[in-house]
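Order of writing sets the chain letters: A, B and C. Residues in each chain are counted from 1.
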Amino acid sequence: MSVFAKLNNHPVRRNTIQVGLFLISMLLVPVIFGPGYYLNMMIFIAVLALPALGLSLLSGLAGQLAISHGAFFAIGAYGSAILSTRAGVNPVLSTLLAQLLVIAIAAGIGAVVLRLRSHYLAIATLSFAIIVELVIEEWRGMTGGMQGMLGIPPIGLFGHEASSDIQFYYIYWPVTALMLLFALNLSSSRIGRALRAIREGEPVVSSLGIHAAEYKTGIYVVSSVFAGVGGALYAHFVGFVTPATGSIMFAIEIIMVLALGGFDRLWGALVGVALITLLNEYALGFADYKKIILGVTLIAVMLVFPRGLLPGLIDLVRNRRFARTA
Amino acid sequence: MMLAVSSLEKRFGGLVALKDVHFSVTPGQVKAVIGPNGAGKTTLFNLIAGTLKPTAGDIRLDGETIAGLPAPRIGMAGVARTFQQPQVFASLTILENAMLGGHRYHRGGFLACGLGLKHTKREEDKLRERAEQWLAFAGIADIAHRNASELPLGQQRYVEIARAMATGSKLILMDEPAAGLDDTETRELADMVRAISDTGTTVLLIDHHMDFVMSLADEVLVLNFGQRLAEGTPHEIQKSQLVIDAYLGIDDDA
Amino acid sequence: MILVDLIQIVMTTLTVGSMYALVAVGVSLIYNATGVINFAQGEFVMLSGMTVASLYGNMGWPLPAAIAVALAIVVIYAAFLMLITTAFAARISLIGVLIITIGASIATQGTAARIWDSDTHRFPPFSGDAPIRILDATITPQALWIIVVSTVCVAGLIWFMRSTIAGKAMRACALDPAAATMVGIPVRSTILLSFMLSGLLGAAGGIVTTPLTTIDANGGMLLAIKGFTAAMLGGMGSIPGALLGALLIALVETTTVTFASGAYKELPTFTIIILVLLFLPRGLVGGRHETGLHHDDLTRT
């Protein structure tokens, strides 16, 4: 049996090797190219990849599109910010503690909202997102209201606070890589299989003795934690949070990430995040232009490549190749 | 009794789909439910499997009441089902479909699977072995890695069968398994049902192919207009004037 | 004292409710025709309000001309929306169409912000500012315009759906597109009509409300969401239901603002939406489609 065939029966091993190679290449990049502004962008990519991966898990496995990931990004960001600035908790610890809040809320929302069909789910999660935005804006005492919060301590390891881009880079990319590995493992496990089946036919799955609701809630919580961790890491990198953090526009940008990278490709989500970050940096300009480009691109991509730009292009290339050899 | 149904009734608002239905199935038996279209056969299956709740009456599986329980609970109690339109999961391979049958016996929650802990691998291997066994039983082991959506109807049925057997259920409900099959395929299916029965699993099936039904069934239940019309051996049923009248002659095609 | 407050609450509820009703009824119309919830619904209101504000309010055009242009713009926009949501309908999932309408909504917001700007706009009320007194409570004339115009529009729509051939065709398509096609009803044109009527309703709303509530390029989304809430509360797809839902939501908002803090006025509305989805999936009046996941009938009996 070839190496690849053997690896197919060991998805965890295969995933670990893939992610391992990927991480090593990412870690070598600053070594090869030296310090520079690009490092700043790449840290953003590492951070934004997390909510994107979370949504990819939800939409790819469970076939659901929720618009709550922005809200959980905000909850993670604000939660960790409040704990670390007002209670003096160590940023790593506050990041983790904030996830407890994320889990509690996501479990509650998920349990009730996931029975709904696609657009009702979207509306319900959108409403939830609006409530979260409102609470953040109005609860001035806790969140700083429209001004947001400043002076959030940077992430640190072993007592040293990260103080340069390179340091953040070497802390954040391993975290993202590990979470990517978790997502890949989940996807290729019995849980991923059950979720894909649930997506296709929930009544049939029930007859197999599988409690669909529990699985859907589970993946929703996982997906929300991904967003929450991303939010916390974001807060400890840029040092401030505002109501614009994890706003609905942010949530739509993440949907855009998946529209580009593919709705059910985890690696595609990384590609999508890289593209969006580059676009944000060089092409999108002011908020208004950004909205126009974002909106038009979403429409165009969904019309032409309903499964996402990247998978659509890959299919196109594959088919052409077959056509030539056939 | 493997399955005991008594005074079963299902109303949809003013429409009475089933009324005062009672029958039983002994362990290891192959029992057929026949009746004209609209007689309530699929509704009966839906009630047993938990897709619908009865408005009155009782259903007992191996002595335990299952009437009104949610479908996953009934599935876990030991009832499996195949459907008139084969409900295979098109986005999964055949092997994966079969692995879903045994899913609930194996451990591994979200954290364990995400972290890729060792025991999840062992469980997966066990699951795969079990699934492969049942694929072999159903005669489709050679196409295990194809996508379920690529198969013709007849073979999709066998995927359903493998998956149902992998659940280790005591009772299998088969809803019109011979629908859409030609004579040869129907004969092969009959062999398959016999093989299933030989494993000790109890089979309750609905079908319109009379040759198929009569050659397989130990007993036959006839429903008409949602009520029990007759119950007996195939021979008795074929001779029963009541049944003949209800059908206006029993045909051997669907 | 209490009576005055009560009258005030009633009038505000009617005014705000009329606005929401126009959006909600529009949402239900499109839902009936296509099974899709149109996220860009609020943009109909925004576009018409902004157009009249700049043509009549800024550039001095006569009001009727400004209104005519605004209506025309919105109708064309609605037709465009119909095209992008129904093109390639077979290939695109419901979620895909959802994303398309979200994309349309934000693209429109951005475009409006470029054409005009991001500030709030308004134009003078139709018949002046002088408040009318009803038993010590005051109400501005524009509020009466809003209530009257909305009532006329919704009543007109209901009449249209019941009494004209085109309206009946719309209902037929909503119930069973396949059967409608067989009877010779042009389904695509009927869907187009639904979109355009929906747009007109929203546009009417924008035109009458902007003098009172102002409008800005980004105001559409919030309105749209309130429209969905109202439509769902009354039963998605039911026009009387949408009306009822809109009034109820307006009532909740108004009482919240009157008795509690104005800052949190949106909170009850969005809590309602979640509660409705959970406990009242069919809405109060009961719409055409069921929300929620139910076991499909897997086979015939």
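Simple rule for what comes next: a residue touches a chain if its C-beta (ideal position, glycine included) is under 8 Å from a C-beta of that chain, and two chains touch if they have at least 3 such contacts.
In this text the structure is predicted, and so the values were computed from the model without any measurement.
The most centrally placed chain, judged by C-alpha centroids, is A. On a Cα centroid basis, the chain most remote from chain B in this structure is C. Across the two candidate interfaces, A-B and A-C, the one carrying more C-beta contacts is A-C. Annotation: 49 Å between the Cα-based centres of chain B and chain C. If each chain is reduced to the centroid of its CA atoms, chain A and chain B end up 42 Å from each other. Separating the centre of chain A from that of chain C, both taken as means of CA atoms, is a distance of 33 Å.
Looking at chain C, residues 295, 298 sit in touch with two or more other chains. Each of residues 51, 71, 83, 87 in chain B touches at least two other chains. For chain A, the set of residues touching two or more other chains reads 203. Chain C makes touch with chain A in their complex at residues 36-37, 84, 87-88, 91-100, 102-111, 113-114, 118, 217, 221-222, 225, 228-229, 232, 263-264, 266-267, 270-271, 273-274, 277-278, 291-293, 295-296, 298. The part of chain A that touches chain B in the complex is made up of residues 9-10, 12, 15-16, 181-183, 185-186, 189-194, 196-197, 199-201, 203-212, 218-219, 222.
Residues 49-51, 70-72, 74-76, 79-81, 83, 87, 89-92, 96, 99-101, 103-104, 106, 108-110, 113-116, 120-121, 123-125, 127-128, 163, 167 of chain B touch chain A in their complex. The residues of chain A lying in touch with chain C in their complex are 59, 63, 65, 112-113, 115-120, 122-124, 126-128, 130-131, 134, 138, 202-203, 248-249, 252, 255, 259, 287-299, 302-303, 306.
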